[in-house]
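The structures come next, written out as structure tokens.
The following pair of complexes shares a single chain, subunit A, combined with subunit B in the former and subunit C in the latter.
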Partner chain A sequence: MSQPVRTPTDLTSAVAGGVGESPQRPDGNLKVRGEFAYSSDLWHEDMIWGATLRSPHPHARITGVDLTEALKVPGVHAVLTHADVPGANACGVEQRDQPVLAVDVVRYQGEPVALVGADHPETARRAMERIVVDYEVLEPVVDAEAAARGECAPLHASGNVVRHVPVRRGDQSATAEVVVTGRYEVGMQDQAFLGPESGLAVPAEDGGVDLYVATQWLHVDQDQVASALGLPLEKVRLALSGVGGAFGGREDLSMQVHACMLALHTRKPVKMVYNREESFYGHVHRHPAVLHYEHGADRDGKLVYVRAKIYLDGGAYASSTAAVVANAATLGIGPYDVDNVTVDCWGVYTNNPPCGAMRGFGAVQAGFAYESQMDRLAGVLGLDPVEVRLRNAVREGSTMPTGQVIDSAAPVAELLELVRDRPLPAATGGELDLRQMPGGVSNTTHGEGVVRGVGYAVGIKNICFSEGHDDYSTARVRLEVVGGEAAALVQTAACEVGQGLVTVVQQIVRTELGVQRVSVLPMDTSIGNAGSSSASRQTYVTGGAVKSACAAVRARVLELYSRQTGTGPAEVGRLGAELRGGKLVSSHDVLADLADVLGGDAVDETAEWRHRPTEPIDPETGQGNAHVQFGFAAHRAVVDVDVELGLVKVVALDCAQDVGRALNPQAVLGQIQGGSAQGLGLAVMEEIRTKDGKVRNPSFTDYLIPTVLDVPPMGVDVLERADPHAPYGLRGVGEPPTISSTPAIVAAIRAATGLPLTRVPVRPEHITGT
Partner chain B sequence: MDFLRPTTLAEALAAKAERPDLVPIAGGTDVMVELNFDHRRPPGLLDLTGIAELARWSADGDVLRVGAAVPYARIVQDLGDRLPGLAMASRTVGSPQIRNRGTVGGNLGSASPAGDTHPVLIAGDAVVEVASARGARSIPADEFYLGVKRSALEPDELITAVRLAAATGPQQFAKVGTRNAMVIAVCSFAVSLHPERLRVGAAVGSAAPTPRRASAAEEFLSAELTSAGLWESREPLPDSVQRRFGELVAEAASPIDDVRGSAAYRRHALAVLARRSLGWAWREHSGGGNERCA
Partner chain C sequence: MRVNVTVNGEARSADDVWEGESLLYVLRERLGLPGAKNACEQGECGSCTVYLDDVPVCACLVAAGQVQDREVRTVEGLADGETLDPVQEAFVQAGAVQCGFCTPGLVVAAHDLLRRSPSPDDPEIREALAGNLCRCTGYEKILDAVRLAAAKRGA
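Showing the complex of A and B:
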């Protein structure tokens, strides 16, 4: 079959610059101009459209499905149910507990029940209206704490607890002079990416299928799709299409198996695109959480113990709940040095929307609670909130509650000092500019009721996959002479989701091989696994793989040189030969032109690269070296609150973060600004509101995300304290700023209002008390 | 779905008379959302953007006539001095893109209780001009809204314009939303001072099934201003008067709890908005400078 059109080839076009520079990304201008091809723009001659019939109920038994009338609609090519799933009717990124299509029970509102393939989306819609599904509506389980206590009817055979992680360190009955307790809540945040779930499945001659899709992890998709289709892996080929944002929301399957089922069934290319409302049902969200904390400290504010119970609502299916639970538990007390720790974290099944990966992944929920507690402690002791944190901050060599010793830079104190010592923004005044006011251009105050507050927070995040996961990536680098010049080609399956990975990968090759011309092959499953574009890991792990492949290529080039010149390998080694500026150079001499050494040969190397191994944690005590690296960021937020109306304007949101080494400083800044903005969203507006398991605001009309008038200027300090274990010393950068942004803003609102504010997002009613 | 694009009002009215089920579309910023969400599947659309006379505004002495299809951006640009309240409300609608497309006619056509121009039209005693093949009629703004998304418009009628007097005194519009731009009103409030008539206009939005005049508040304040001779003296308003005005505005509302806000919050916020915006309007009336700003 022919190729689809509107695939994002422009992603792979060349950029200039090596490691440490900030070349312009290849997709930047196209995206700003609206010319970038996203997965929803895919097109294939002869294609038909797929659509998904979803459950209107959060919990119901399916007592009958009648497709008769739907099949009669002219233009309908197929109507499929669970009975048509060719392989295993089970998927899931960690546990395969979710049916591809519901069988006899639906566990959340929006669960896929049937598929239609038709010549037009409108035809598909009409056919869906004619599918009759009989439901016997059941009582939904919606209380995560009750589910954790085993008080609700089990939604899965294994019960309602997906995972419980205890962490025990030191004296479990420690006491302290000063004790602060709190109960905190975190609402369900959405990734709110702008590109809805979409893709195109093209049936292949060999009985397999080619799937073009926006995803975060091609190989984990491939695995699940192949298993659901009952096909061997090599018959299910995935290629990355233009991704319109991800933030964790594309780690689970959405339309992948569905489009492939329709394509194989109809022998036609099938396109599926969710609309905005459907998208809210089509991906997992951030786990809402209830968190109970108790902090004990001495009179100087030094923590003696921390005890916490954390409940994460995983919704109907496991998704990545188990890993999120481990993060919330092991990072549950924050970047603080505490001898006595008792943390229990539960992730549970309910009939709420499924929750899984989202930027910050468990560390966000815990971060809001432990930072709120640190402020409470400071308040009780009459200490400055930064001071109480400085007195407890971890540093390199500190021991985490899991027993793991932090073995690279942990400049938590310095990050806090950096944000504290930045100049404060001027008071709002002078000529009235509504854009600077809480309420913004809606004209709610000209200064009346406005009180300023300042708040601080710091956070910790594990970088890369943890708990003994075999976390690796694969990269291929090819070096050959093209038009008289040495040129490199790099290939990986690592998903460019907007974070700028394709740019960084080219920078690495350019630096390692000393060539100017580097091109990137499209990302697909024709090469080995790269792991997910998540956990702030891709520059670390795929960057490491590319660097390693470059090293293998360089070794081969040196071999060629050695053979051509008769210089023994030992001698070449002694010369310290390197590739630079298209030449083979020693520390003081040009040895050869790279193009001459290569001649007509191509050097082509593929490397699989792993970071140092991690360990599982002990299921009873949570002890173990579970994490490979920790990332830290601190924020200072300055807010103006209209205390009478409960409206908030974040005036400044400054951040300091250690990134080990900024491979692309501009991209680092983008991650910090974006992460901070996403944290702001959780602090003051972003929440999927549910009632009895049903989503009340599945649209951007009522699920609000920050606009340019909500996001303030950000002063950013980037520290580069190399981690000796990581490629180039880098430290994953994407998630840490999301963690500390939220509690810093809420702390600032508390400072302005004097209110306890134990729930995010903070709504106007929480401030006005009405 | 049919798509009709008449170039004169007469043609459009004829089409609507023949097929009352045609859905008019001006800026499309409500219609297209409804179509996309599948809330509505009209048999045909009647595009009004080809009708030049609907996209014009004109002045007849002190009365301004704003064509139904004049976009918000033009109101902000052209009429900020004469219709400050309408311009302020227009400025808070959506984003620049929405203000380039969206129209007052569309706001009226949707008759959403949250529409931003409604309180201003009521407070300014605007008249909605509607027409059909049967003839034209004028509907006072506060008789136009009948229920949630229901209006006095007949199926064969089109909105042709709104008519309202150029401002003779300060006007203010304020709305509460949970973000600082591009937000639907949780509640909104408009106030107009009409010194020449010794009258105050006040109306609330997004706090009842329809936008609503705050009659008791209007009467209370008009009476206070007149009896104390404040219209002429332009002395500062007693705090107690501002507060009472706020309370009466809040009492005019019958809000509900929904995903955007609680009823109690809406009532509370309306009292605050009313008190504050009256304060700004009065400061302007007292010569304390223009309280309309960037």
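Showing the complex of A and C:
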């Protein structure tokens, strides 16, 4: 079969820009020209369109399916159900508990039931309307706390608790002079990446399939797709297409198996593209949470104990709930030093939409609750909210509730001081500009009823995979002479999802091998696993693999030099030879031109790299060195609130974050500002609202994400406290800013209104009380 | 039906167009111009912004039949051969591009703003881009890019 068009190409840059600089993205020109090949742009001359029939019910038994009329629609090539799944009808990123297509029961609204392949998307839609599915509607389980207590009918054979993680440290019956309690709620947030789930599956001569897709983790998809298709791994080849954002929402499968089934069945290339409504049903969301907290402190505000019960609603299938639970539990008291801790976190099955990975991954939900509690404590004690945090902040050497000692920089106090000491924005006033007012040009206020508030928060996130996961990546680096000049090529399966990994790997190669021209090959499964583009881990782990492959290449170059010049290896070692500026140099001399050393040879090395191991946590006590690194960020938010209408304008949202070492300072700012804006969304706008398990707002008309009018200027202070365990001392950047942004904004709204505000997103009626 | 339309200065036609197809679908799936993006297909995100007779529109909200004998300019038609438009260049330089899915729409919207108002202040930039969602950047670098593009065009 011929090749599809609009698949990714090599990305080559021949500019200066090593580690610590901010060279332009190698895909930037393509993206601004509209020529970058995203997964929804894929095209094949013989292709047909795939579509998915989904359950309208959150919980129902399927009593019959009739495809007769659908198959009669002209232009329809195939209509498939679970009976057509060639291999195991089971998928899931951690546990394979989700059917590829529903068999006899559906557990959430939007669960895939049947597939159509047709010559036009409209033909497919018409055929889907003619599929008759008989449902016997069942009572949906929608209360996560009740599910955790075992009070609901089990939705899976294992019961409704996906995982319970207890964390026990110190005196479990400690008492304190000052006690504050609270119950908090976090709504269900959507990743709302802009590029819809999409891809193209092309049947291959060998009976296998080539799948071009937007994902976060090629190899975990490959595993699941191969198992569902009943094919060996080598017959299921995945290639990454352009990804329009991810934020956790592409860690689970969406259309991958479905498109492949249709392609293998029809022997035609099959393109699938979700529209926005389907996208809301087609990926997991951030777990909504109910969190009960009790903080005990002495009169000076020093924490004596923290007790918490956290309930995370995982929805119909496990997805990554188990890992999210571990995060919420182990990071559940925040970046504070507390001797006595009792945390229990449950992740449960319900008939709500499935929830899994989203930026911040369990740390976001806990962060809103523990920071709200710190403000409450400050209020009771009459202390400044920053001061109460400073008195309890962890530092390097502090012990986490899991017993893990923080063994690199933890400048939590300094981050708080940085945001506190930034100049405050000027008061709104003077000449009236409606655009600066809550309500904007809706002309709802000219300043009357508008109150300003300032709030602070800080957060903690684990970086990389935890709990003993074998977390590694694979990179191949090739060095050869191209056009008279030494040039490098780098290949990984690490997904570029927008974060700029392609830029960073080029920078690493430039720094390590002293060349300017670096090509990044398209990512696919022809090379080993890179792990997921999640957990703020790719620069750390794939960066580490690229660095390590470069070291192997450099060693080979030195061997070549040693052989060519008859300089013994020991002597070469003594010279401290390095590759810089296209040359082999010693500390004081140019030894040779790299192009001359290489001649007609190519040096090609592949390396697998893993970070230092972590440990599982004890299932009874939560004790263990579960995490490899911690990231910290702090925010200060300034808001204007129209207290009569309940409208909020975030006026400023400044952040300070320790990034260990900024490999690409411009990209670091982009991560911090983008993460802060997503936290703003959770604070005041974003929630998938469900009723009896049904989604009420699956569109960008009703699910609002921040526009440029909603997001204020965001000043950023970047600290670089190197972590000696990490490549270049770097600390994962992507997630920490998403954690503290939300509670800082809510704290500011509380400061403006005096209201307790225990739920996010804060809606106008929470402020007006109507 | 058959649709005849001038796209980026070239006369184009598409056959067998179903009446319900949008301009966005025709551009992306029939004319080989996937630059305009399909983030929502309901007029909420601006990722599909193109010029229709010199006025920026959401291509997903325009029915294919409506463009008969009219002129469309897409993001693919902004650069002059290898030379990027100053707005495009500024987006790359300012770091305004992450995943880039919002970028084509934002580039066209910013291009239109700067034609109308060569040196806009920040509130004006924000207002002009308010119909274009970006999920990655938090907009700070996009504002930088528009300021930079204004400076480049003024230079």
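The working rule: the second predicted complex is superposed on the first by the 754 of 770 C-alpha atoms of A that agree within 3 Å, B and C clash if a C-alpha of one lies under 4 Å from a C-alpha of the other, contacts with A are read in each partner's own complex, and residues count from 1 in each chain.
Just so we're on the same page, contacts are C-beta pairs under 8 Å (C-beta built on N, C-alpha and C of every residue); 3 or more make two chains touch, one makes a residue touch a chain.
What you are looking at is a predicted structure, and each value in this text was computed from that prediction instead of being measured.
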item	value
Partner with the higher number of touched subunit A residues, subunit C or subunit B	C
Which of subunit B and subunit C A:433 touches, first, second, both or neither	both
Contacts of A:670 with subunit B and subunit C, given as first, second, both or neither	second
First, second, both or neither for A:539, with subunit B first and subunit C second	neither
Which of subunit B and subunit C A:273 touches, first, second, both or neither	second
Touching partner for A:120 - first (subunit B), second (subunit C), both, neither	second
Contacts of A:696 with subunit B and subunit C, given as first, second, both or neither	first
Partner chain in contact with A:29 - subunit B first, subunit C second, else both or neither	second
Partner chain in contact with A:446 - subunit B first, subunit C second, else both or neither	first
Contacts of A:350 with subunit B and subunit C, given as first, second, both or neither	neither
Where subunit A meets both subunit C and subunit B, residue numbers	275-276, 433, 435, 441, 699, 701, 707-709
Partner subunit C, residues of subunit A touching it in the complex	6, 22, 24-25, 27-29, 31-38, 40-41, 43, 120, 122, 191-196, 242-247, 273, 275-276, 433, 435-436, 441, 497-500, 666-667, 669-670, 673-678, 699-701, 705, 707-709, 711, 713-714
Sites on subunit C touched by subunit A in the complex	18, 20, 28-29, 32-42, 44-45, 47, 74-76, 78-79, 84, 88-89, 91-93, 95, 97-104, 107, 123, 125-127, 129-143
Subunit B residues within the subunit A interface of the complex	33, 36-38, 88, 91-92, 95, 172-186, 259-262, 264-265, 267-269, 272-273, 276-277, 279-280, 291, 293-294
Subunit A residues within the subunit B interface of the complex	125, 275-277, 431-435, 438-446, 448-449, 644-647, 649, 684-685, 689, 696-697, 699, 701-702, 704, 706-710, 763-765, 768, 770
